[in-house]
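Next come two complexes, and both contain subunit A; in the first it sits with subunit B, in the second with subunit C.
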Partner chain A sequence: MSAATHLPALVIVVPLFFAYLMPLFARWREGWSTVTALGVLAFSFAGSLVMAWQVMAYGPFSYQMGNWPPPWGIELYIDYLAVFAALTMTGVGLIILVYASKDLPHELKPHLLGWYYTLYLLLMASMVGMALTNDIFNLFVFVEICAIAACGIISIKGSGECLEAAFKYLVLSALGSGCLLLAIALIYMVTGHLNFTFIAQALPEAMRLYPNNILAALALLLVGIGVKAALFPLHVWLPDAHSSAPSPSSAVLSGLVIKIYAVALLRLLYQVFPASLFEVTPVMTILLWMSTLAIVVGSMFAIVQEDIKKMLAYSSVAQIGYVFLGFALLDVSALMGGILHIFNHAMMKAMLFLAAGAFIYSTGVRKLSDLVGIGRTMPIPTIAFTIGAMAMVGIPLTNGFISKWYLVLGAIHGEQPFFAGVILLSSLLNGIYYLPIVVNAFFSEPHGAVAEPKRLPPQMQVPLAVLGFACLLFGVAPSLIMGLVSRASQALFGL
Partner chain B sequence: MGMATSFLPVWIVMFPMVMTLVIFYVEHHSEKMRNALAVATSVVTFLSVLVLYPYIMAGSIIEYNMFQLLPNLGISFRVDILGFSLALLSSFVWMLVTIYSIDYMCKEHGCNRYYPVLIFTLASCMGIFMAGDLFTLFVFFELMSLISYVLVVHEESVEALRAGYKYLIMTIIGGLALFFGIIITFELAGSVSLGGPALITETSSLAFFAFISFLIGFGMKAGMFPLHVWLPDAHPVAPSPASALLSGIMLKTGAYGLLRVIFHVFGLELMQQSGWMVILAAVAIITILLGSAVAITQDDLKRRLAYSSVGQMGYILLGMSIMTERALIGDIFHIFSHALMKSTLFLAAGAIILKTGKRSIRELGGIGRQMPFTMTGFTLAALAMIGIPPFNGFLSKWTLSLGALDAGLPFYVLLLLFSSLLSGLYYLPIIIAAFFGPELGAEHEYVKINEAPYKMLIPIAILAVTSLLFGLLPINLPFDLSRMAAKYLLKGDF
Partner chain C sequence: MTIIEILLRLHQNSYYFFAIILFIIGFHTMLTHNNLIKKIIGMNIMDTAIFLFFVAIGYIRGGRAPILEPGADHLYVNPLPSALILTGIVVAVSITAYALSLIVKIYQHYGTIDAEEIMRLRGGETL
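Presenting the complex of A and B:
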């Protein structure tokens, strides 16, 4: 047996294992933990790439942990959606980590650096785990790891604001976890299984016998994951948490963490619960309206923000609405748009948060009205921010346009043009809050700290450049990722 | 037609784009080199468009598929007689404006931003006229609109930034409307390529939404009522050569887009059946009256010109809605005429502002005696604008009126006459005061005002003379092109 067959387990276990060694490395030699963490994530990313190639070439495959066959053992199921999510998480995560290696010493106390990498790798491992697992209890374990690690990277700065935000997150997220656990218990109770495939087989029969249990499970699941994915109106923790955390944490939280829950919910709704369920309960309609409200209200809140990171955080509330809208429209094109937006938004929002972090690193300014003229003194982060803003509005030749194209096409094709209107309205709102920042950055005279920024190290400039380039690349050549996305959504529709 | 010819459209679009980067690099080393490169780029672009002339006249259509973005959606180029005509016109005016810019901008700040943007806008403008499908058209349309924002806010004054913000928001609204229209077309037809048979063949509520979206998207750019609100603010605050291009050329991209939508997306038949044209006709009439009436009340020279553009774009929109052959000829010819006239006027206004610093019409008494060449150019173009016989403005109005009579709409002729009267009301006082009026303020501070430098005068002179020639000459290239383009749109051949 070669190591390659164990790849699905390795991409999760290696970061998990090295996570605990990080403080040791940090103590041993300065800078080693950084290099190791980067190496580990690069390994996970490479592993995800190989798996993506395997899936594209030979189709989905499963991996049994410890050779225990399901339903007893834990099964990892590597299909299109799983590798798509794993690739997004590890790829963007790796870029953010490069940036973090220079930004963190600035934001954190030195003895915390090693611990930060522990939390970061735990977070990454748990997200890849959530993407790959085919076992609902295993999913719950990863959800818990993810929640605690996320809480850690919010609170690590130790300032009052961070602690408050982290506490808020902890409480709400624990509530979500509780809901999730109850849902799992209810499902286990009526089906006797924890493996997705087996649950899916047993559910139609169980539906007939115990419809209330399953409805309750569905409701709990929706709330549990809704809280964690910050779906309106369960988003209240997000703006504080994402804006007070260190910038790389904000990037990873807004760009990746909330998305992986969306992937989990997608898998449960489309693959585990039977389609007949959606005929008796209006789950999809509820989801549709929740996401519509998220899009509109999130954008409106973002307009009135003064703090750059708070604005970006509210924008995330709106953008996660796009993803759920794509899921809820029940149309292949829309689903493709939703899934693609997970990837596109991960890049855009990570880039925007990193650019905001660069402004804060170099000037200490985070008020939007004080950032005028920044484009003249810090061109690279501002250009990255501009590309991100364009992508948010959905200007053609940026990646945001492509996801918007599929979402709107899906809405029209599914004969729900109202939701196409919602997406267009939200694009306009995005324009209203993103473009003035860009305009002021380039067309006004800089003052104060903005006029003389601290030099930005190349480790922070390169990730911005890479993400900016990627946003344009996937806008011009979306077929690079569309193959995976379209197969994933077709598989979810059973086509 | 060889491979090289079909690659020409790509060259015409890509060459200025690449040159933008070159200029961007060179400008940090030498200003002279930057200016020379900008002029050279615009000249080469114009000549490259001219190379297409024999092929287009032979009736061939030049197509080139660049790449596919998504299935059935990509960047492609297609040059037919209409696209060619407008590309030729735009690159010609652009070339003159670039030459004019050298002396006009030499005292301005931010030239290192101005020239690359100017050339990049040229590239995207060429892309619009040579687009082979709606998506490509949309991409270049958005590029042009967003990049020309930099031209609008060039002064960076509070006023400019406010006008720019208005412009930006309207651009986004327009862009989203276009996006919506295109996506509905894609959903209904499965393709967005132009030039084949009409894409949408049946009336439905979705098709109507698409029509309205296109009307909003392109109408916004064309200064159509009630979406014209950005125009009178944005055009005057830009530097004058940029105003000339904004009013003279970029407004026309909206009209061009509407022509494409009417004839290629919906088709003549559907348009006649559905009666949706009434909407366009109604807003066009309001646009004409409103633009002309408000122009009279303006005291700022450039604002008056901008409102006049609103009124004149109304003619073009009205001409489209009539849909008879002669109306269409007049319509396309008016695109030519207005581009030439309005750029002359803005360039002349720029020369006056540069030399005197005065923008208020009340202060312009006697300017014709101080700057005779500039004011002669202005006068020629203004007379053409009013529609006085030997000028091109007369010819376009004449043809438009004939077209309206063909369609049995004599009311439109009255409207054109009335609006010409209004044009006379706001242009003639400027001319009369300039040549015969007293010099205001002369008794206190007599400053000798010189004529503008020749690099500014020559473009003004060339443009002003074209206004006269293209109304007078028996062999009239723009008129021939308009006739062929109109025939092509109506019958698919010329």
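Presenting the complex of A and C:
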């Protein structure tokens, strides 16, 4: 038995283990906790890359925790979707952490730095865990770790606004967890299993005997995960939480955390619940309309915002709609678009939040109307912001175009052209709120604090440059990731 | 179905029935009360309801604790839900502790634990 066979467990356990050592490292030597946290995340990212290679070369495989075979033990199932999600989470998380190493001392009290890394690593471990696990109760435990760590990295700043936003997030998140646990109880009651594969085998029979149980479980799951993923009518906690948090936290919350719940829901809907269920209930139609409303209403709210981070937060409400739209159209290309958008939006939104954080770091300005002329004094963050904005609108050569292209293709192919129209309309709405910022940033005279910004350290410039480059790279050469994405969506459709 | 039959079935499934009633009480308390502490109490009632529901799944009338004795042929209850709920209780306790510590901090900042009052101080929309 070599260490490589335990890789699926290690990418989760190593960050969990080191998370609790972070405050100790921070006390020991200044700066050690940063280096260790970076090393740990780099390990998880490398591990995910190796697993991605294994899956692409030899197909999906499973790992049994403690050598207990399922249904008794916890099983990790490493398939295309799982490695895709793990790669996105750890890769973007690593880039954000590089940025955080310079931005955090500016936003937090010095003795809290070690604790921030604790929360950050816990968050990363739980997200990778959610991506890999094949056990519904294990999923619940990771969801809870994720919920507490996500609230923690908001409230750690300690300002009144943050505390209030974190509390609102915590209460709604606890509500979602409650619904999720009750759904697990209802499923366990009629199937007697907790492992996804075994539940999927037992559900068709259970469906015939106890349809009400399954329907109630489905509704609770939809609400529970919908609250956590900020799907439209359940998004009320998101704007405050994502805009008041420290900038790296906003980037990770908006870019990654809401997406991993979407991945979990995708897995449950497609792999666990039987297809016959969707003939009985219009659950996909409900999801379709919820995501359409999310796309339109989220964009409209974003237009009227004055605060740059609040605008980005409302834009996330709209963008998570694209992901769910891709899931709900029930078409392979649309699903590919939805899954790809998880990856693309993680990069774009992380970049936009980090660029906004760079503006705030250097000038202290948060109001959009005061940020005019910033492109002349801070070129690198503004160019990154511009690339992000163009990707959000879906201009060709950026990655946002590719995912929207597949979504539109899926909508047309699935004979629901109305939703292709929704995507076009929302691109227009995105243009309305993103492009004026970009135009004003470059073609207006800077004044006030914007005219003389504080110098941005290279640790904050490099992540922006890397993310900007990646957005263009995956826009020009999407085939780098499409192989994984198309296999993931084909596997979900059982092709 | 006559009233008697309904009552009889409710009696047979009384654990589930009361668990759902508790769940709704907790849910309602959590969403409608402005007092932050009461929200947390509501959350705990809701969690307890789920725990009751979950443990009731594993209960078998007349069953004993699953401690196997050689040679004895007893009816045992299903131990798995209880084991899962131990984890659930730990999670609920940690969320409660975290929420209460947030409330302490919020009180220090705003001088109140009333959600609407805090909103008024901040000038935003209500929770």
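Here is the rule we use: the second predicted complex is superposed on the first by the 495 of 495 C-alpha atoms of A that agree within 3 Å, B and C clash if a C-alpha of one lies under 4 Å from a C-alpha of the other, contacts with A are read in each partner's own complex, and residues count from 1 in each chain.
Everything below uses one rule, namely that a residue touches a chain if its C-beta (ideal position, glycine included) is under 8 Å from a C-beta of that chain, and two chains touch if they have at least 3 such contacts.
This is a predicted model, so every value here is computed, not measured.
Contact with subunit B, but none with subunit C, is seen for A:Pro478 once the two complexes are overlaid on the shared chain. Once chain A of one complex is fitted onto chain A of the other, the partner contacts of A:Met311 are absent, as it touches neither subunit B nor subunit C.
Of the two partner chains placed by superposition, only subunit B is touched by A:Ile395; subunit C is not. Look at A:Ala125: by the touch rule set out above, it reaches neither subunit B nor subunit C. By the document's definition of touching, of the two partners only subunit B reaches A:Ile412; subunit C does not.
Residue contacts after overlaying the shared chain place A:Ala174 against subunit C, while subunit B stays out of touching range. Overlap of the subunit B and subunit C contact sets on subunit A: empty, with no shared residue.
Subunit A contributes residues 137, 141, 144, 147-148, 151-152, 155, 158-161, 163-164, 166-168, 170-171, 174-175, 177-178, 181-182, 185, 188-189, 240 to its touches with subunit C in the complex. Of all residues in subunit B, only 68-70, 73, 135, 138-139, 142, 146, 149, 153, 156, 161, 164-165, 168-169, 172-173, 175-177, 179-180, 183-184, 186-187, 206, 209 touch subunit A in the complex they form.
On the side of subunit A, the complex with subunit B involves touching residues 393-397, 402, 404-405, 408-409, 412-413, 417, 420-421, 424, 427-428, 431-432, 435-436, 439, 443-444, 476-479, 482. Taken together, the subunit C residues at the contact with subunit A in this complex read 23, 26-27, 30-31, 36, 39-40, 43, 46-47, 50, 53-54, 57, 81, 84, 87-88, 91, 94-95, 98-99, 102-103, 105-106, 109-110, 118, 122, 124, 127.
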